[in-house]
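When the chains are written out, they are named A, B, C and D in that same order, and each has its own residue count from 1.
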Amino acid sequence: MSHSEILAASGLTEAELTGGTLAVHTPVDGSEIARLAMHSVAEADEMIATAHEAFLQWRTVPAPRRGEFVRLLGEELRREKEALGALVTLECGKIYQEGLGEVQEMIDICDFAVGLSRQLYGLTIASERPGHAMRETWHPMGVCGVITAFNFPVAPWCWNAALALVCGDPVIWKPSEKTPLTALAVQKICDRVCEQFGDDAPKGLTQVLIGERDLGEALTANPKVALISATGSVPMGRAVAADMSKRLGRTILELGGNNAMIVAPSADLEMALRAIVFSAVGTAGQRCTTLRRLIVHEDVYDALVPRLVKAYAGLPIGDPLAEGTLVGPLIDQDALSAMDKALVQAQAEGGTVHGGGQALAESHGAAAYVNPAIVEMPGQSAIMHHETFAPILYVVKYQSLEQAIDMQNAVPQGLSSCIFSTDVRETELFLSAAGSDCGIANVNIGPSGAEIGGAFGGEKETGGGRESGSDAWKGYMRRQTNTVNYSRELPLAQGIKFDI
Amino acid sequence: MSHSEILAASGLTEAELTGGTLAVHTPVDGSEIARLAMHSVAEADEMIATAHEAFLQWRTVPAPRRGEFVRLLGEELRREKEALGALVTLECGKIYQEGLGEVQEMIDICDFAVGLSRQLYGLTIASERPGHAMRETWHPMGVCGVITAFNFPVAPWCWNAALALVCGDPVIWKPSEKTPLTALAVQKICDRVCEQFGDDAPKGLTQVLIGERDLGEALTANPKVALISATGSVPMGRAVAADMSKRLGRTILELGGNNAMIVAPSADLEMALRAIVFSAVGTAGQRCTTLRRLIVHEDVYDALVPRLVKAYAGLPIGDPLAEGTLVGPLIDQDALSAMDKALVQAQAEGGTVHGGGQALAESHGAAAYVNPAIVEMPGQSAIMHHETFAPILYVVKYQSLEQAIDMQNAVPQGLSSCIFSTDVRETELFLSAAGSDCGIANVNIGPSGAEIGGAFGGEKETGGGRESGSDAWKGYMRRQTNTVNYSRELPLAQGIKFDI
Amino acid sequence: MSHSEILAASGLTEAELTGGTLAVHTPVDGSEIARLAMHSVAEADEMIATAHEAFLQWRTVPAPRRGEFVRLLGEELRREKEALGALVTLECGKIYQEGLGEVQEMIDICDFAVGLSRQLYGLTIASERPGHAMRETWHPMGVCGVITAFNFPVAPWCWNAALALVCGDPVIWKPSEKTPLTALAVQKICDRVCEQFGDDAPKGLTQVLIGERDLGEALTANPKVALISATGSVPMGRAVAADMSKRLGRTILELGGNNAMIVAPSADLEMALRAIVFSAVGTAGQRCTTLRRLIVHEDVYDALVPRLVKAYAGLPIGDPLAEGTLVGPLIDQDALSAMDKALVQAQAEGGTVHGGGQALAESHGAAAYVNPAIVEMPGQSAIMHHETFAPILYVVKYQSLEQAIDMQNAVPQGLSSCIFSTDVRETELFLSAAGSDCGIANVNIGPSGAEIGGAFGGEKETGGGRESGSDAWKGYMRRQTNTVNYSRELPLAQGIKFDI
Amino acid sequence: MSHSEILAASGLTEAELTGGTLAVHTPVDGSEIARLAMHSVAEADEMIATAHEAFLQWRTVPAPRRGEFVRLLGEELRREKEALGALVTLECGKIYQEGLGEVQEMIDICDFAVGLSRQLYGLTIASERPGHAMRETWHPMGVCGVITAFNFPVAPWCWNAALALVCGDPVIWKPSEKTPLTALAVQKICDRVCEQFGDDAPKGLTQVLIGERDLGEALTANPKVALISATGSVPMGRAVAADMSKRLGRTILELGGNNAMIVAPSADLEMALRAIVFSAVGTAGQRCTTLRRLIVHEDVYDALVPRLVKAYAGLPIGDPLAEGTLVGPLIDQDALSAMDKALVQAQAEGGTVHGGGQALAESHGAAAYVNPAIVEMPGQSAIMHHETFAPILYVVKYQSLEQAIDMQNAVPQGLSSCIFSTDVRETELFLSAAGSDCGIANVNIGPSGAEIGGAFGGEKETGGGRESGSDAWKGYMRRQTNTVNYSRELPLAQGIKFDI
């Protein structure tokens, strides 16, 4: 499909795509594909007010009925999977297979959220007082602001929105200014769902804010936004956290990762090789869960690393819409510069760089295609403590597993991690209290590509938030502890006596 | 028991109680009872470093064994209940019955935590990939800083410590500078437990920081403190949240409450009367869950409020150590001034004040005894949106339950709330998504006096944290999502194809 | 739609509907609508063997993929809702609205089960031994035999099948010999789903056994059937339990109910009236949750019972396919005789009968239409301890709630129960440990019409099984407790010393 | 300690120990140590009636208060650990270390149950109807009959009793007629706890039935016994199940095991060796979790089995009260005969027997000391499908893990199992849906010695029951699903329309 066909298939009209001030470029060839109108802060506040009105209605719609909304959303997404997947690719540059994968993740979380809509389990709890019933229920929280990053333009919204909607919270979405089109396309889908759903869906149940950082700040500043779920860089997360701390508002933060793999002597190297390549160069190294650090036991280093360098050399780089491409472009020229800079620093710190540098410069000069880089490092130096959003894989050696785990844990980020080993003593140690300090720790698979059934997120500078599966839905609700006295006495807890 | 007997029974030595710069006064008569040495920030950092070393050891002690530590702590507290209860009374001024209740709460949470120590349940989760096992485990988090307030000098520490210790986290406690003695006495108990427990208990498992605000800041600033659990005022909570947002650290905040009771026409007024008095004047109105706002249906207003005023007039005010006393002193003269000021403002806003003003001025002039106040208000005016830490109960009328709930929810705090009604339609509505917006919502009992089995905490400016029962223990651990591939294939989630 | 149109719309072919020995009559007019071939016991054993082979494959299909099968089943049921609902009405005689409701319940449980397919949560558990990980997982159980009754010909199958399939268990269905057509129609739907689903769905994943009691016995006798879930009468349940006890096999039993409503003085009588009529005469009194006993406080007896008798007199009885009908026929003449007999006994025990007796005898003589009956009883006599599957409602008076609860609990069955009261003290007492002894206890709704989100089933002679929501899915899986030692030591639990 | 000192320390009086018709022999030397009065069936029925009265009171005592009872029980058991442990050894013959371990298990479950007493969590559940609240609560069940076996004379009672008591169920205990003394000693401890506890503990809260099979039948026959939890042989379990099926009563069955270990090529053989010996000869092979089948990979067979034979030859057999003894006596001469018979059959089926036969015949002729036996088998023959309650370990070879798992699963019992392997692919497969079919499956530890935190029990002929940790407590309570309509409407589930 051509770029214009993809845009047409997205349902966005010419009028919507033009006439504004926010220029949208496709990383595929660097060309401008739209120029969108941006919202003002005042408009944002109006939209928040509408969302709050929606909340007052939506919270009393029974949760299974709210689940039906999300079920319909899932059905629409199934219908639009190819069209939306292609738009994802066009707008953010990831290969089409990954674009489809992102939409599939949206579908999966909708299915999951539908099931949740008949659960949202609180507890009934044994009370210490006769004639008293104690319980805990979970109630809708309020308007949920969702801030997303360019690299996953749609799935994280859906992780948040599917849960938030089922939990009774309207959603206002501030997408990256680099990927607003997919957001608008998803909003169109939501609009269709609203129509099918009927009157129970209040006006403003889902909304999109198009613009820049000031709109994110409009969300954090407005007390009617009960919750901000933000995906992005650590500085962005710090800013959101600082803003929200002023009003003691709630956040779910999914920030940077600096994800490692430990390759143990007993590892299946063939499998490790494939996992490394997918994890390190998938999405051109721009996943928050991208593999960035490879910690290889000295005994298998020589059996693995040269093969890896060779595999890198043969990777098909090019148009992410073309079949067969495995490495698409970086999002923009800034990303290319950051990559170049990091490689220079790595070399300065003793690293040996394989690959790197711009690719397809003649044919795609306006775009930011690069050769993925492997950097053999003498140790875990300063650059390795930073997340550079590009396909750079640092490789270091280790002698003992304890040392490898220490290296894995020595960075400020705490998102994802993995070990390749067939030794259960090693794998279980890696997953234990004395093992990886990340929110995600895998065995014999890479650090990326989480299933939606587990809770997704990480510790330390990654921000501590959890999205998606397990009991992540609790982040979107408020908990209420109830004690009901149905007796004719008034005993006090802890056996206190207080007789007036 | 005399004050000196109480001090002696606490196990604190003369040397410990004297020679420092932090003067401790008892609110019972305003006299100085100790002058303690304060820690410097440098010492605090050393103690944190020790605690971190303790963490590295303690996290690998099996949780049920950690539970045994807490069981022994509970046993020691049982033995020391009277001595510690009396010291609580001496230091913070609550009546002895409440002092005992606070220790009982410590004991209860220990029992509960012991049970938890064989649970700390994560999940095994169905994976979408063949030959893959997915699960979620909870691991120790790191050093836990606990900041507590004068009004509950010991129980909140224990809510935090019992859970934190079982969860694998050493605890550093910064008590209120107004109530450091009880903290030191509890640390003595912990020292004895460590001795009984043996080598598994690392040095620095529990520690106490004596001093002022700078020590709290030492905790929030130090990245080795993984978690701060802070109880206190909203400004204090905001400061902690802002500090922690800089390093994206974790907090559990239990801040101010502004708790209301709705009295419906069908209420059992006799029972309501008793609940109101205990909730409003217990701990001399200095509980975070103290009843501060009484929202009475117009049909029962006249049957209730005059009786309440009369009951207040007969309350025994005096030495909290004396049997029969129900109202002890405020913590200090500042609290008395704040109460006076609030009553002046309330009158300015149209209120009719019953009671108020200093009590026992002749006999206890250095102390801050007061007459609890009832203020009949024409509506929910500005003063009613503020938490004044004193026994002031504002009373307003309502016509419809929806209106009463709106008033209840209109304040910035969201800790505790209750309704007195025998109508199940009213009580369930009050507990529903459209009802109280507080973390605690009770029926036919007052807002205070929570059992430890439920999660304790509140929404909005109350800070969102939860302590004590239910799954509050999760706040002290880090969650890890694991996927283990035990097959010989490497399928990707969401069915993505990526073949190198 | 005519009967033949309904049959045609079901997808069953002429060849399938004729030529056998099992005559199927519609209770609508008593006419024969099919004559089906019956399976032999030998065929049943072959089908079980096939199902067991299916199990060995299906158990290793990832649960979320199994969930996709159930999602597709739900989609097909949405498409066939009207056709299948009409067939339900034709075959078992319940009114079309209830036929649709039954299919809706199938759809709902499919949605719920899809969500479960990414959960099936076991636990990770804190181990008392260093270097040990403890957890609990749930695994597929084996072939699940489902035995259903005529009155809910399709929904209970789906409650069981949706969960069993997601849990990894193939299903063999033995429907009532009175309602085999709907079972065959559902199997057709399953066949279509299998085709869409592809090779992951093994042959024999769902199967239907057409015939009589010997086929049920073939299921209970065969050790390859790991689990029998049976809905029906108490004698049937006892027989299944006795058979399964021989091989220590697992059962889920949903047997008789003898459901009561308590109407308290504070009840909303208007609402109670409507709830009573729906609960007592819906499905012509042939629900397992049908209201059979009405326990009315003496103070409201006269305000309620005469109105109820009057409402009964005006109920539209007739063709269940016709719009406006609220009372369709009994299943057959035997049911009519049983009703007559019960009314005779009730009179002998002092009851005053309102209504009762055959209706529409001239026009529908071959069918078993009846006038629903209300019987005012002097006390809870012998007949009231029995479940007569017909629209008979016994009414007794009570003085105190304790007495009413005692009456409610005095029967051998323990399925469903309810109270109409607006007094929260009464409603909570009714739901407490000292209240109703039934598996279901409702407030201000009737005993029937459960949502699929809760666990469905009852105690005592009702058999103790639970189906549908909550953690009922555990009944379809086997639990495994795992301890993994990843250390190099071999400590024993409980600190036992045993050194060789 | 001498036998008489042990008896004296147990608190049982001379009068209690003599004068009856039930002769109690110690397996230590075969001598008679007591002659107890037996209860009649009529007395049993009276005791059940008393227990039912106790139930009516106990169910309304708040669960945390019930937990306090169990906490006091745990404290008493701590005090009596040595005395009771010695009596266990004297009466059932297990070595003193194991006697202590059994009491420790009682203490552990008490600690766990105390924690549970503030949980007993049901669920609050999202309802599909507006103005409706759905929840699920767990209520006390009724009198719990506990039937125990000689080999664990006290711990299984406590697993059941600690949970049952916390759950609100009085307990009647029918111990093995071979080990009634420990039961009486435990009842003495309970009596002391009742005294400390005060009036909340009703008469008959725990009771012991001394006698034979007819008393077990008295429990199964009496409808006031809501639940039977029985530990013992498969025939006993079948009888209990058949009896209870008649009245559709509830059972928890812990029956026979036939537990296997798979030793893989990658296993730590040193560790395996120790685990095998403890699991196979501990309690003289009379644990339900005793290792009975050893499935060894052909590549390590020769490295393991000869060492094992040698280790067996050196095992210290003798007086279980003597320090250093690892193998005490069988319970009686019948057990010895059964062992001899099994070895004869094993030889007939091609086995090579190492060890076996009576030991210490001269010195302890009246007792049944034996040499533990290892039998190398050519394949898994008929005798290996049977549980012989004696220290016989059958050893077979395997080639592939799938084959080993098939052998492991091919027996009718399904209690415990384990694998020794360091290969995570093998260990996870063993724990997967396609792995062990047992209720317990371990890695790198033996099949015996479960911690109380996990659910204990097994599948197939083992009976399906679960005791001890996880949510096993649910087996002692009845579940109630509640829907509360607090609206003024009466919507029906599934959207059914039914307007009168």
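Just so it is clear, a contact is a pair of C-beta atoms (placed from the backbone, for glycine too) under 8 Å apart; a residue touches a chain by one contact, two chains touch by 3 or more.
Protein identities per chain, from UniProt: A, B, C, D = aldehyde dehydrogenase (NAD(+)).
Treat the numbers as computed from the prediction; the structure is a model and nothing was measured.
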item: Interface with more contacting C-beta pairs, comparing C-D to A-D; value: C-D
item: Centroid-based (C-alpha) most distant chain relative to subunit A; value: D
item: Rounded Å distance between subunit A and subunit C, as computed from the means of their C-alpha atoms; value: 43
item: Whole-Å gap separating subunit C and subunit D, where each centre is the average of the chain's CA atoms; value: 35
item: Subunit A and subunit D, separation of their C-alpha mean positions in angstrom; value: 48
item: Sites on subunit B at which at least two other chains make contact; value: 60, 64, 108, 117-119, 123, 125-129, 132-133, 136-137, 424-425, 427, 431-432, 443-444, 451, 453, 469, 484, 486, 488
item: Complex contacts: residues of subunit B adjacent to subunit C; value: 60-65, 117-130, 132-133, 135-138, 421-425, 427, 443-444
item: Complex contacts: residues of subunit D adjacent to subunit C; value: 59-60, 97-98, 100-102, 104-105, 108, 123, 125-129, 132, 134, 136-137, 139-140, 168, 234, 237-238, 241-242, 244-246, 248, 250, 253, 255, 268, 271, 274-275, 277-278, 282, 311, 314-315, 326, 427, 431-434, 436-445, 449-451, 453-456, 459-464, 466, 469-470, 478-486, 488, 490, 492-498, 500
item: Residue ranges of subunit D touching subunit B (in the complex, touch as defined); value: 64, 67, 71, 108, 111-119, 131, 133, 424-425, 427-429, 431-432, 451-453, 469, 484, 486-488
